[in-house]
Amino acid sequence: MAFIRTVFILAGLAALRANAAFNGLAITPQMGWNTWNAFSCDIDERLILETAQTIVELGFKDLGYHYVVIDDCWSAGRNSTGHLQPDPNKFPNGMDFLSDKLHSMGLGMGMYSDAGSLTCARFEGSLGHEQIDAQTFASWGVDYLKYDNCFNEGQSGTPLITYNRYKTMATALNATGRPILYSICNWGEDYPWKWAQTVGNSWRMSGDIFDTFDKPDARCPCTGEDAFECQLPGWHCSMMNILNKVALFPEKGVPGAWNDMDMLEVGNGGMTDDEYVVHFSMWAALKSPLIMGNDLRKVNAQTLSILSNPAVLAVSQDPLSSPAFQRWRYYVGDKDEYGQGEIQMWSGDLSGGDMLVVLLNAGDKNRNMNATLADIFWDHGPGGTATQVKQAWDVYDLWANRVDNATANAIIAAAKANTTAPDNALPFGYNATANGGYEAGLTQNVPALFGKKVGSVRPNGKVTAEVRRHSVAMLRLRATKVEL
Amino acid sequence: MAFIRTVFILAGLAALRANAAFNGLAITPQMGWNTWNAFSCDIDERLILETAQTIVELGFKDLGYHYVVIDDCWSAGRNSTGHLQPDPNKFPNGMDFLSDKLHSMGLGMGMYSDAGSLTCARFEGSLGHEQIDAQTFASWGVDYLKYDNCFNEGQSGTPLITYNRYKTMATALNATGRPILYSICNWGEDYPWKWAQTVGNSWRMSGDIFDTFDKPDARCPCTGEDAFECQLPGWHCSMMNILNKVALFPEKGVPGAWNDMDMLEVGNGGMTDDEYVVHFSMWAALKSPLIMGNDLRKVNAQTLSILSNPAVLAVSQDPLSSPAFQRWRYYVGDKDEYGQGEIQMWSGDLSGGDMLVVLLNAGDKNRNMNATLADIFWDHGPGGTATQVKQAWDVYDLWANRVDNATANAIIAAAKANTTAPDNALPFGYNATANGGYEAGLTQNVPALFGKKVGSVRPNGKVTAEVRRHSVAMLRLRATKVEL
Amino acid sequence: MAFIRTVFILAGLAALRANAAFNGLAITPQMGWNTWNAFSCDIDERLILETAQTIVELGFKDLGYHYVVIDDCWSAGRNSTGHLQPDPNKFPNGMDFLSDKLHSMGLGMGMYSDAGSLTCARFEGSLGHEQIDAQTFASWGVDYLKYDNCFNEGQSGTPLITYNRYKTMATALNATGRPILYSICNWGEDYPWKWAQTVGNSWRMSGDIFDTFDKPDARCPCTGEDAFECQLPGWHCSMMNILNKVALFPEKGVPGAWNDMDMLEVGNGGMTDDEYVVHFSMWAALKSPLIMGNDLRKVNAQTLSILSNPAVLAVSQDPLSSPAFQRWRYYVGDKDEYGQGEIQMWSGDLSGGDMLVVLLNAGDKNRNMNATLADIFWDHGPGGTATQVKQAWDVYDLWANRVDNATANAIIAAAKANTTAPDNALPFGYNATANGGYEAGLTQNVPALFGKKVGSVRPNGKVTAEVRRHSVAMLRLRATKVEL
Amino acid sequence: MAFIRTVFILAGLAALRANAAFNGLAITPQMGWNTWNAFSCDIDERLILETAQTIVELGFKDLGYHYVVIDDCWSAGRNSTGHLQPDPNKFPNGMDFLSDKLHSMGLGMGMYSDAGSLTCARFEGSLGHEQIDAQTFASWGVDYLKYDNCFNEGQSGTPLITYNRYKTMATALNATGRPILYSICNWGEDYPWKWAQTVGNSWRMSGDIFDTFDKPDARCPCTGEDAFECQLPGWHCSMMNILNKVALFPEKGVPGAWNDMDMLEVGNGGMTDDEYVVHFSMWAALKSPLIMGNDLRKVNAQTLSILSNPAVLAVSQDPLSSPAFQRWRYYVGDKDEYGQGEIQMWSGDLSGGDMLVVLLNAGDKNRNMNATLADIFWDHGPGGTATQVKQAWDVYDLWANRVDNATANAIIAAAKANTTAPDNALPFGYNATANGGYEAGLTQNVPALFGKKVGSVRPNGKVTAEVRRHSVAMLRLRATKVEL
């Protein structure tokens, strides 16, 4: 049998979690921020600290964004004892200083290295230095390691070769005694979804994202049904390209070990607001890590209100940990300027017997979309045989209560003025960090986590929604309560 | 040369069998029942015992269904001495108790483990523990091991890596001294049909079956001519998807070592009666193991009459062991709701000089189908040159004598009342278990094994049949006896 | 750079040959006969001796058919000392007796084993027994070993794994001190054309041939541009299927080491006379080994006159050893009953500055075909820049002088009556064996080796020919002699 | 993340270079001449010396063409001490004599060997002899080694196997103490762009080039989106075939380690003048090594004026080392005689904030082409968000100042008469060798390096050009200077 999800439903969540990841971390997909998408190599201590401060003040920390990750270009190579050194111009006070600061704000410290002789930007890599580098990171108080794949000295080509390379660092990290979330970034080469669950907390499953909805790029060549067999993952992959790749194996992500669809581009300017809503919705529905990649110091109202939507975050962090699956996909005639046009329907189990439904319109025109209960609950019984098809459902729109621009601008202004309240999640309706995650809120039916009721579906009926061009309807079905 | 079948015809069956599988088991494809398709992790001792009792009382045992296989989720991990322990809540009397019970009913005891660090449901796996686990299974009286592929620590990517992993358990099983049928379940990764004949009794050649006739699913991505080169076998593969994959290499199954098309979905509700007839017919024609996957305690008349058809079982268990081959395949315009539509013709040698012909209508409309003797006997001489083309044949319909619903319901009722006869195969016309298999019945021309004569074909003629939408004509050609 | 041919033209033939195969054999493609295609496992000493006698009496020996190869099913396994034993029922006088007989007739003795634990027909294989088996073969006077690939215990998946497996036997054969032509038969898996030149004399580059012109078969799945990347070479491959595969890499065959397109089906009945002419022409043009596969004791006139055509054999055995290359290929509308239809043009350098041109009509209608000198001499200068394009050529039809049926029948009758002349090649116009091959005859302009002059081409002109459905024009261009 | 370029812009060029190639060579793509394309095995000392002399006298040396590379067929095998020996007939004075001569002319000495048991022309290879052969080459004063891939004894199939084979020679070369540029030639097998940057200075990324613009050839089978996954790189690959392959991964070339698109065919006669302009332009734009492959002793005016264009060479040797990327590609209806027809737009960063734009017309008709600034600057900000889109640009045509035929003929005549000036680059406007490369000239705005201003583009505008059939517009955008 293949990996299965229904097992977990039956086995119960407590047992599941005890059984979970090799290091006990990332029981739900990790959340945080990373320097790369917005800043590339142009990073320094000040950027990190200002961003961390912003994460706290805008309420992102309370919503669960925990890790602040320094990507490539922080290094000055090894010193005479072979220890990695931070670039003294960029990080004059050292990395332990920085992690102390982050920890004091209640955030996690993330760093970057590479399972090769050089990092992608050609700084010193960790291949052959795993033990000493893991110890260095631990000694600096690092809580998270993104581990890249450039210049790997030919150590790829079969799962076993790559597994061994990445396991070496896993073992080294665990040997430090410090819990360090291990984010494998080998771009999906050699099928990490086959082997990374027992050695890492997440694995990139594609080439690098670029801030575009669906533009094809010669540098991201693998597409179609066999996109997963990709020895050239590439870069400049569009958001839709990555989504259509992960559609082949969402179930490979399990508690403690997730399909990583790459860091978020929300707010970086290359997509429309609707497109960013699609991006964020699908990353949440597919249980990808949610690592913000924009300049938070300059966040605008629209970006803030996307990244902070608690009803969508509650899908990402749902305790059932069941990803959405693509139920159908059709090409449509209304192609956009890049020649792309399609519609998709996804659904996935949520805790409490709820069901997520996503109607994705990647065509070039607004359209009315619908999904039958038979298709939505296909995995519970093919051909409409599932009992769920025979019942009535209330439909909640998870984007309906998105914070409006005025509120968002007030939050931003308050953060800049340092006048925010102690509980910065207040405007968003739920403080996940204070509550140890989203499970408590879901159990208690905290309204902010359920969006807005917008309709209902009769037994054997259809869910319908108007969906704009390049947008999405993200809906939560809740069993209609029968009056007693 | 490639694997050949005609050799066996020439070499004689006795020699063939002596020469056969590495452990002497599964000289014809194994038959039995498995917990997974109907029950997933929701299993316990009571289910096993009730099902075993039903297997006996409904006559399945006498028809040859021998193994009762407990799939994943039976385990409570390892004890302090490293031995696997059954979950005490599910199996309070232990596994030896259960196998004693099964053996006392004349059935075989099957269990499940995984060639990885964890099973697919994330229980303890056997990778690195093969010897101790094989000994445990043997000590429990286990007769059959299904051995899965999840969480395999990157040990895949070339046939050799995977072969070594599975051979380790083969060696361990053989070392116990107990004959244990070894069912390799690595979903066709690394081409087990190339190497598994000398280390196992069967090998899954595709992703997991789902209870649907032909619905495509993104999670089962490999299709088309190169479907066999699949590094993502997936799950939710339709019955037709698997059939079209095995069409590329039926000959790889040989006595003692079979292409496993996955467990049967007959009776689980996702297909029509006609579709289940196709499913069962093709699994028999292709010499797949026949492992029932439904809840036998709730079996209905239609399901019973499919699974118990002795004329079809006699094809599966034919002593010649020659699979049917796909002679042609055409796409048709009458597509079903999932956009699929095709027709196929298969034929294969049977003992006694008989020939199996299957006309498969996977189009959306009923149609008249036909097959020329030239195409049917292609392998005996291309282009109509085979001597068989020049002779006349009687045509037997292997489904014509399917037990009617009234009879089937009476059998079910009797089983529930525990009033069945000592020979429960009686209503089906042949007791395979009492006769040591189907060869004796075939040699003796037991009528139940030959269906019903429905017509004849003249030399150089065509076999024709009306075939309903999503159904099959399964015919046995027997040389017309010339009056002397 | 890739393998090149023009080097050899420049370097001279003598140097080339000294430099050639690892064991000095098969400087031109081997010729002979093999039991499999016509007889499968139904073989014995009598068959071998009768066939050998026929090879001599029909003149095949004198034409260069040297090796008589016993394929699978000769074995009775290993004796107590681990030595392979022939089946005493089939070969009661042992294999040394047989090789003595063959040697006394001036023929070579060929045998078969398998680089796996079992042969394809499941007799004892040589994997792990290479040294002792090579010694056994040498002790029996064996001159040729066909070495198959079944049941190889997972030892495939990269060129290196497969190379090592086949090299082991190469080393063992060479260590015997007896020159034994080594015919690698791993069906093209792991790209033997990349590595087999230094360890073998030929390598199969496809799945098994079946006696059909172009019928597709599900069991031979690899087609199209990437047909070479085939992990399921299959069987029942049509003649055209194999031809279109080898078209991708003809240059990989070099003196002493050849692309093996599998044994000939000429005379087995599944193709028309024209189709067999295509088959034989292309195998010769591509420098495949020419191993007859029919029942020579029952050869008819048409079959004899194909297999014995010295003008075609002179192409196969040309001392320049340059294969023909496919210059163009077009699909045509006149499809045959199997839905196939295409035309192709091939050309290749011959000794003496001659040029081979093949116009292949695989469409369903007769047609007039032509080829420009620019295309024919493409490799000598692209776009018509070759000096050869500017000269005039005489055109010789290599099939025009094919022996007529009356003559062929007389030869057959004489052979049956044991009244043939000492030089049995006489009716065919050239005794290659007596002359040490075809080079002498070519140098001396023996007419039988050049077919019949049928026309000429002017500078910058076109070669034209009427080519029947499923047939070929096989032409030799010779520089037009300028009158002085 | 994938390899990135913008890092280098930020990091500064000095740091970049210090960090660069494993041996400090080829900081910009190597330039030179090689015997193979024009002469194959027909080489000797005289050819080398005459060509070297011509390189100097025609000004090529001063333009940066430094290495004179002797390809295959120079060898006479190993002597009794295992040292390679040059063929005494071809190189009677030995290789050290030759390298002394070349050095005395200010040129570099290049040689050839093979990472296999034999070279492609079947001379002695270096596999297993890496140390002694590297020492031999160093002792001969060799500055450059092209290292081929024929007859590699199965040592391929995963990046690791191939990496190890090529690294062995890298280590051996470095151990000699002599700086030897290491040109890996394994035709792109096993993805050298993944691993060769740390062991070599360049790697072939495709099968062998043939002197044709776009004719498909069965012997170069890998095309399309997955062309990079090629286990049969082949030969007779057209110029466009190679270009379309490298389009998938231009970024893999970095200072010191380049994608090698194979040696130039400019001047060999198989393409039109326009086509050669395309060829040379694209090789420069993609940062391929520029190794001339024609008979320089017979160079004509057109060939000279292509190979010597300093404005194009300045793109190749630009200190930013950023390749052009393919921004779009469309198939067009005007197909040429080989059935090919497409148009492409490429752009890439140049030093000084300039931008390269290439409009490639591979259709069969002349056409007006254009490119939006939004597309040109896509990588600087998707969807037109880059700041560069909002500014005005001057457009320089890099081919406008190509030397005219009269001038070129005068240069050729002077060279033949040995009357050329001490600075032979004079007619071309820049002496790169005297200036240590092209950076100085670019910094100083030497006019010859910038072509001719032909227009300008307004903010948010389009670059337009008339582009002939099978030709190219190669343009350099320079920020329009605002009048103060």
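First chain written, first letter: the chains are A, B, C and D, and each begins at residue 1.
Keep in mind that, in the parts below, a contact is a pair of C-beta atoms (placed from the backbone, for glycine too) under 8 Å apart; a residue touches a chain by one contact, two chains touch by 3 or more.
Note that this is a predicted model, so its numbers are computed, not measured.
S.K.: Among all chains, whose Cα centre is located farthest from the one for subunit C?
M.R.: Taking each chain's C-alpha mean as its centre, the farthest from subunit C is A.
S.K.: With over half of the numbers shared counting as same, classify the subunit A/subunit D interface as same or different.
M.R.: different
S.K.: Where the centres are mean C-alpha positions, what is the separation of subunit A from subunit B, in Å?
M.R.: That pair's centroid distance is 42 Å.
S.K.: Could you grab the centroid distance between subunit B and subunit D? Build each centroid from C-alpha atoms only and quote it in angstrom.
M.R.: Centre-to-centre distance between subunit B and subunit D: 59 Å.
S.K.: Pull out every residue in subunit C that's touching 2 or more other chains.
M.R.: In subunit C, the residues touching two or more other chains are 157-158, 161.
S.K.: So what shape is it, when you link every pair of chains that touch: line, ring, star, complete or other?
M.R.: ring
S.K.: Mind pulling up the subunit B residues that touch subunit A in the complex?
M.R.: Where subunit B meets subunit A, its residues are 36, 40-42, 71-73, 117-118, 120-122, 148, 150-158, 161, 185, 187, 207-208, 210-212, 215, 218-219, 221-223, 231-236, 269-271.
S.K.: What part of subunit D is in contact with subunit A in the complex they form?
M.R.: 1-4, 6-7, 10-11, 16, 19, 157-164, 167, 190-191, 194-195, 197-198, 225-226, 228-229, 247-251, 254, 325-326, 329, 379, 381-383, 385
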